[in-house]
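In the two complexes below, subunit A is the common chain; its partner is subunit B in one and subunit C in the other.
Coming up: the complex of A and B.
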């Protein structure tokens, strides 16, 4: 018999998947029935996720979260996955509210696939097993392709195809890296938990040099590491809004999670030449993609690109943790992963609210929306403030923490990174200005005259309130996250230092 | 004179087959008997009862499958067994080997019956030839002597020429038949030339029977150790491997594949893609790990290069193809690359295992996985009406999901398994091969395999995309498709196998 927290964890992952299965097999279920079911599928994890985080932070033994479960591989939480699981559950809930209010073809299948995507993403954070990680990773990605291909917007076909190819290539590379690491560690699939892998690899003296690179670039593709990012912005743009929310907010975080839990812990991805590459690519993520954001003329594309750019500081946080042994870099990176998930999902949600009113995402056709929809404007501005890291929202702690961790680095590096704060403020605020302020555009006036639209609806308010409320909560009480992450990030930093130093301690040649 | 007769008598007594020899090939005899029974039925049954012919063939095949899965049995010894004075030898995982051929024949029969009836072609003759080829392949995979090897290979090849050109009213089918005949003739000539060279050069140094695999292996090991290998022997080995590569469809002997697969009747294409490829795979394993094992230092790099090129050529070719049958044919070349990769690993590191399976078992498993994917996609193609069987542009799939969700599911599971999407059986099969490559430290091959998987996503998904995408206008014919009960059953069974088979293997 599983312990109580372990049972909760099982339910949080299994419920959306089971309900998704019911919806997909019962394509002709009556609408109200299907809506009720789907709401349950989104709401159950949204209740259990934060609850599990609170349970994790109270003095409970980690063993209480472990169980074998019906999936064939073990489930467990750790200090990093607990907050990510809670964030995913909230993002999924907000996306679910959005999805339930949409009028789409084959609605039950649509809802079912979104539930699959959510369940897969939750599963990645709920398992402590390599096979489980890989299984849920694919389990979440395949519905994402289908949802984008079927229900996506303009340019969905090339976007879905590009996404499928990039992510498969990334998955294959990381699979090869993981297989090589497993082979070197001598573990079989049965006992290949993250902890066992880290422990076994610590004893391995000669790991093939490419292992770390394969894992970093493979999982980095998923997390849109430069230059493997070019699928991401078109993919988020073309996807239906709930899918963009879960994908950019929660799903891509498991690429980062994998890099932390497999790569950083045991594969020395920040040392040597690979570490140099990692640094430069992360800087490119921040700087080059930041410049790309500046020239966007479409609100949803801008949000997509900025969500790629925001991965840069997170990568830098991982890098500084590995190279200089600063646990606070990793700590802040995890914090930013959670906070960015919330703010990014909120922005996609509200941008869609803009689109349903104005009929377009094009910034030059928007303008003056604040007079017609003041509450929407307020929420959107709040989400923008959160995303550029204003104090009060969670993103602030993440960004400031990473910058502080980088303070021992050369001045030019700090200069580049500081400049990105300015860049992101420019593009984000300009988008807000173009959308909500200034004179109302002609197109918008015509549209309002023909079909008057109201302010943001209660459903949208509720979804945005969940996301922004959570962001404010961790902004004012960062200990909600750090209490969970601190012990593990410290431990991983020690492992990372060990992984980096082990080859250097070896005599060069005998 | 009397001494001569006595000699013959003695030779006969030592070489004559014993009862256990016959028992060891009972499944093959049963399949051949079944083939004859099809002809007898065609002669004796009145027209109204002809539908019984495919039915008896299927029931018979099912019985033989059950029979060959029973182990240990006289026909599936638990240990390596030589029979017929060393002409045959069962040293592969033989239940699996037979299962590949028998399942392939069974599923082809399911595809073929309706397909041929629609085109007014004889069903009984097709089944007869199909079963003869199957029996020949089953013998080929256990041959231990170049005579049995060549005879069973040619028996199968002649049958396949017939099956490829079976639709006599279709120019495309006849053209494919002729192309296959010419290309196959060339490959047989290469193979025979190779056998002759090996026979001659080894016979010259006093080997008693320089066609016997065991003896060839022994003398090659001695010669390798003493550095007295003759260049003629090496040339012969290279030619033999070339002939086998033709069957497998590996670079540089893959050029016939797209044309023949496209022109052949679709059931035959599926059979060519699975059984014929399997025959190539098994003979390659037999030769590379048997008689030619002492030459691993030379054969290993050759196979590794062939693997990388096969993977790349197959995938890049498939990217450019727009016809579904052609795309699948070229993707089959890249699957041959995966099989070659597994063989290369076991040649480089003899006795290699990955996740407790040895390379031979992994080859069998890969072929079974490939079989499930191929027949699922072929079933979707066969059930889709087409004016000409050899023209199946991807656009013809438009709206398939609307017309028949069942067929779309068949295509989806098939393509998903071929592309290696987790957790399908195709993914697990690829995972096992990748595991072998990691163990053997064949990094370049591993890299080529990974790239090929990523590339293959493009053409596999573009097939699927057409099937799920809404048709652009309503002028196209979107009438729902009728699917027979047997096709539904087949799709259900294969989709279940494709989904769960892999998990059973890993569990």
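Coming up: the complex of A and C.
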């Protein structure tokens, strides 16, 4: 019999999927019914996700909340997926509130697909099985393409197409890598849980060289690792706002999660030439993409690009964990994954609130919005400050932890990486000033005269409050996350060391 | 036995945070309530800090917030004599500035936001003072930057305020970049970021690497507006005047000095030498630049830059206690000067141009009296607060046989007297030069009371009062400073000071009386005036941003679009099939989605393969 938390975990994943199914099949359900159902689909995980994280941190928690899922592969949490699941649930809830207030064609299908996307993302973090990982991964991505293609904004067709191709290619590459690893380890599909895979691979003397690279670059594509990032900015920009929120905030994190739980744990991805590539590509994410952010002239594109740039420090946290043999970089990286999810979703949400009022995302047409919408300005500034790592918000701990973890690197390299604190401040504050400060722009005045708009609505406030409140909470009480991650990151660091040392031991045996 | 008063420190730190949260969330529209809540909090903190001054002994308190691997993220207090003094100075000055703001901001529609900002600033600056480790210092350091940003942007619908707030934040962050690297280096070398532990390590080590001090110094350069990161401070005057008084004169900029004093054991001789030279040079240069400003607040801002240079110089000379003492004295008289300027601006219906003032002595007697008293303290007239600290530093430079530094500081002393005399002459003496000045009126008591308290009591008589109330242990930094200086009336510093007063102050009073409604120097030598007025560093940065940084960024973005998005993916994905299509007779033509997809996948894989297996 499943334990109580294991049942909660199952409900958290299946509720949005089942409700999504009801909405998609019942396309003609009356609006109020559909809204109620959909709200339930977003709210149930939002309640269960944080609850599960708290349960997970209690010392008497039953092992891993494990259960056999309805699809044949198991459900389980671990120290890293528990906070990610909670974050996804909150991001999904905020995105849900946004989606429920939107007027779109085929609304029930739209809501149902977003619920699918959410359920799939939750599922990735709720399974302990390779098959489950890929199943939910596709389950989340396919609705993302469809939603972008049919409900997206300007440029949605090429963006959706490019995204689909990239992400499918990435998934194929990583799957190829994992199949090679599975083959080498001699595990059958039925037993291919993460733990079994790591254990089995630890016994394997020699893995094909490309295994680690396929997993790293394949899953890295999902997380927009340079130079496989070209899909990300147009993809987020063209997608409808709730989709951008879930995608950039939560869904993208499963690429990183996969790299941690499969790549870092058992395939030496941070050593040798591959490790060098990993380092430099991650630095490019920080620095080159950071520079690209500086020239963006469209608010949503800027947010999209900056969300790519913010992946750089996370990759570096993973890298330094593998090379230094210390868990601190990984702890900080997971922390930043959670915090970035919250702040990034909040920014997409609030940027959309700007657009519904000002009618544009173009920074040169915006200006002076704070006079007409002061609370929107305050929330947007708070979210911006969170994203550029102001202490008090969660992102700060993640960023500073990664910088400190990199302390053994050459000073100039640390300098390039830490320059993100300046670069991100430049583009983020420039956007704030261009959108909210200064005198009201002409375009805005005209629009206000023809269609007067108010300050941020209660729905938007509630959604932003959930995200920013959660970010503040982990900012003030970082142990909420680290209590969950600490034991597992320590374990993974040991595995990573083992994986890295395996080739070095070879000559001795000969 | 020393008593454990860490509980009092909790109150000091978290009262303002609570007030800020309450104001921001609930009192946005109840401006008056928010104003008094914030002010009451500030006075409560001042009372507690005053109480702390009477406690003996150090207090430490520490709690671990979380762990990243083995890295402990700690939060704690280290209250020593320096911290107690700084707590008192900050909270006392701040309390009166809060009261002043109640009057000054009376008609502002966004008082809730303003006072929430002041409270969050109090939380941040007090956090720096009590912090027991580098990481916690950095946390509050950043928060100070944020609150400064919000308060400078108070009049956000004005373009200059929007630009100034951004500039202040980004410039501070450039300094913070070095600060982060410094923290990382401390952690890497000594395995800890705790001040007490670092001090032990530093004492045990024979030499401290230059890089540690140089990197930590970057934080100081940014926050205390030292060369070459000084450019933000004069622009920061775009904020409301009480903000300029509190943040950009008395406390925030002093935080850098306090921090340098706190980690002085980590500063290698080379670093100290740099700080001393650049501080002294800065003091002289900024003092002269103050002569070429007509905006009263900007002129005062340059004066602050000069004094920060002097404090930096004291640290560089190896006298952090002198720097702290000057910081304390400066906090009082500069706050008075800024509040006085605020009162003048308020009285003259928001006129800030000194050339349009004049003759305010009779119309605003209380403001004038306190302003002049603080000015004299600023000019280091013997036995006033500024004299004790500033001349002690000049004396230290002389005894340290740093002739260049001594010369720069002497020039700074002269410049101080010049711009002070000019300010008094233009604003308070002569006749009114505009309608606004003609109809000037004295400010209400809410504004003059803080002026009187801060100005008269502290600029003039602070030293004498302090001795009778506060135990020697808490005033240890000041006591030591004075003992070390032990200067007398024939000391070089006193001679320099008196000569400057005579030539500078007297000369300026006469010189600037010659021309009415214009700047005498500008009339006499427009070229000199322009040389001092022109903002060379701003020009340099502007050029860098427009011609270097932006072009590089645009070029990189172009390369990304061309090579990664365009050639590597699209070209391999689209170009190869096009060529093949041509060769094989339109097999792949028509841009069918499936073929397109296939080739892009292949292109991506090819690129991946190229990167890995090359």
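Here is the rule we use: the second predicted complex is superposed on the first by the 503 of 510 C-alpha atoms of A that agree within 3 Å, B and C clash if a C-alpha of one lies under 4 Å from a C-alpha of the other, contacts with A are read in each partner's own complex, and residues count from 1 in each chain.
By our rule, contacts are C-beta pairs under 8 Å (C-beta built on N, C-alpha and C of every residue); 3 or more make two chains touch, one makes a residue touch a chain.
Computed from a predicted model, the values in this text were never measured in an experiment.
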Next item on the list: Examine A:397 and indicate which partner it touches, taking first as subunit B and second as subunit C; both and neither are also allowed.
Entry: second
Next item on the list: Scan A:413 for contacts with subunit B and subunit C and give back first, second, both or neither.
Entry: neither
Next item on the list: May I ask you to decide whether A:183 touches subunit B, subunit C, both, or neither, giving the answer as first, second, both or neither?
Entry: first
Next item on the list: Would you check which partner chain A:47 touches, where first means subunit B only, second means subunit C only, and both and neither mean what they say?
Entry: neither
Notebook entry, point to check: Does subunit B (first) or subunit C (second) touch A:210, or do both, or does neither?
Noted result: both
Margin query: Output check: A:368 vs subunit B and subunit C. Expected answer is one of first, second, both, neither. What do you get?
Written below: second
Next item on the list: Name the contact category of A:150: first (subunit B only), second (subunit C only), both, or neither.
Entry: first
Next item on the list: Scan A:142 for contacts with subunit B and subunit C and give back first, second, both or neither.
Entry: first
Notebook entry, point to check: So, does A:173 touch the first partner subunit B, the second partner subunit C, both, or neither?
Noted result: both
Next item on the list: Please write out, lowest number first, the residues of subunit A touched by both subunit B and subunit C across the two complexes.
Entry: 161, 164-165, 168-169, 172-173, 210
Next item on the list: Using the touch rule from the top, collect the residues of subunit A that touch subunit C in their complex.
Entry: 161-162, 164-166, 168-170, 172-173, 210, 213-214, 217, 221, 227-230, 273-274, 277, 288, 291-292, 294-295, 326-332, 335, 368, 370-371, 374, 378, 381, 385, 390-392, 396-397, 400-401, 403-408, 411, 414-415, 418-419, 421-422, 425-426, 429-430, 432-433, 436-440, 477-479, 481-483, 486, 489-490, 493
Notebook entry, point to check: Once bound in the complex, which stretches of subunit B touch subunit A?
Noted result: 355, 421-423, 431, 434-435, 438-439, 441, 443, 446, 450-451, 453-455, 457-458, 461-462, 465, 468-469, 503, 506-507
Item checked: Residue numbers on subunit A that touch subunit B, as the complex places them -> 72, 134-135, 138-139, 142, 145-146, 149-150, 157, 160-161, 164-165, 168-169, 172-173, 175-176, 179-180, 183, 188-189, 208, 210
Check: Where on subunit C does subunit A make contact in their complex?
Finding: 24, 65-71, 73, 110, 113, 135, 138-140, 142-143, 146, 149-150, 153, 156-159, 161-163, 165-166, 169-170, 173-174, 176-177, 180-181, 183-185, 187-188, 211, 549-550, 552-554, 556-557, 560, 564-565, 568-569, 593, 596-597, 600-601, 604-605, 607-608, 611-613
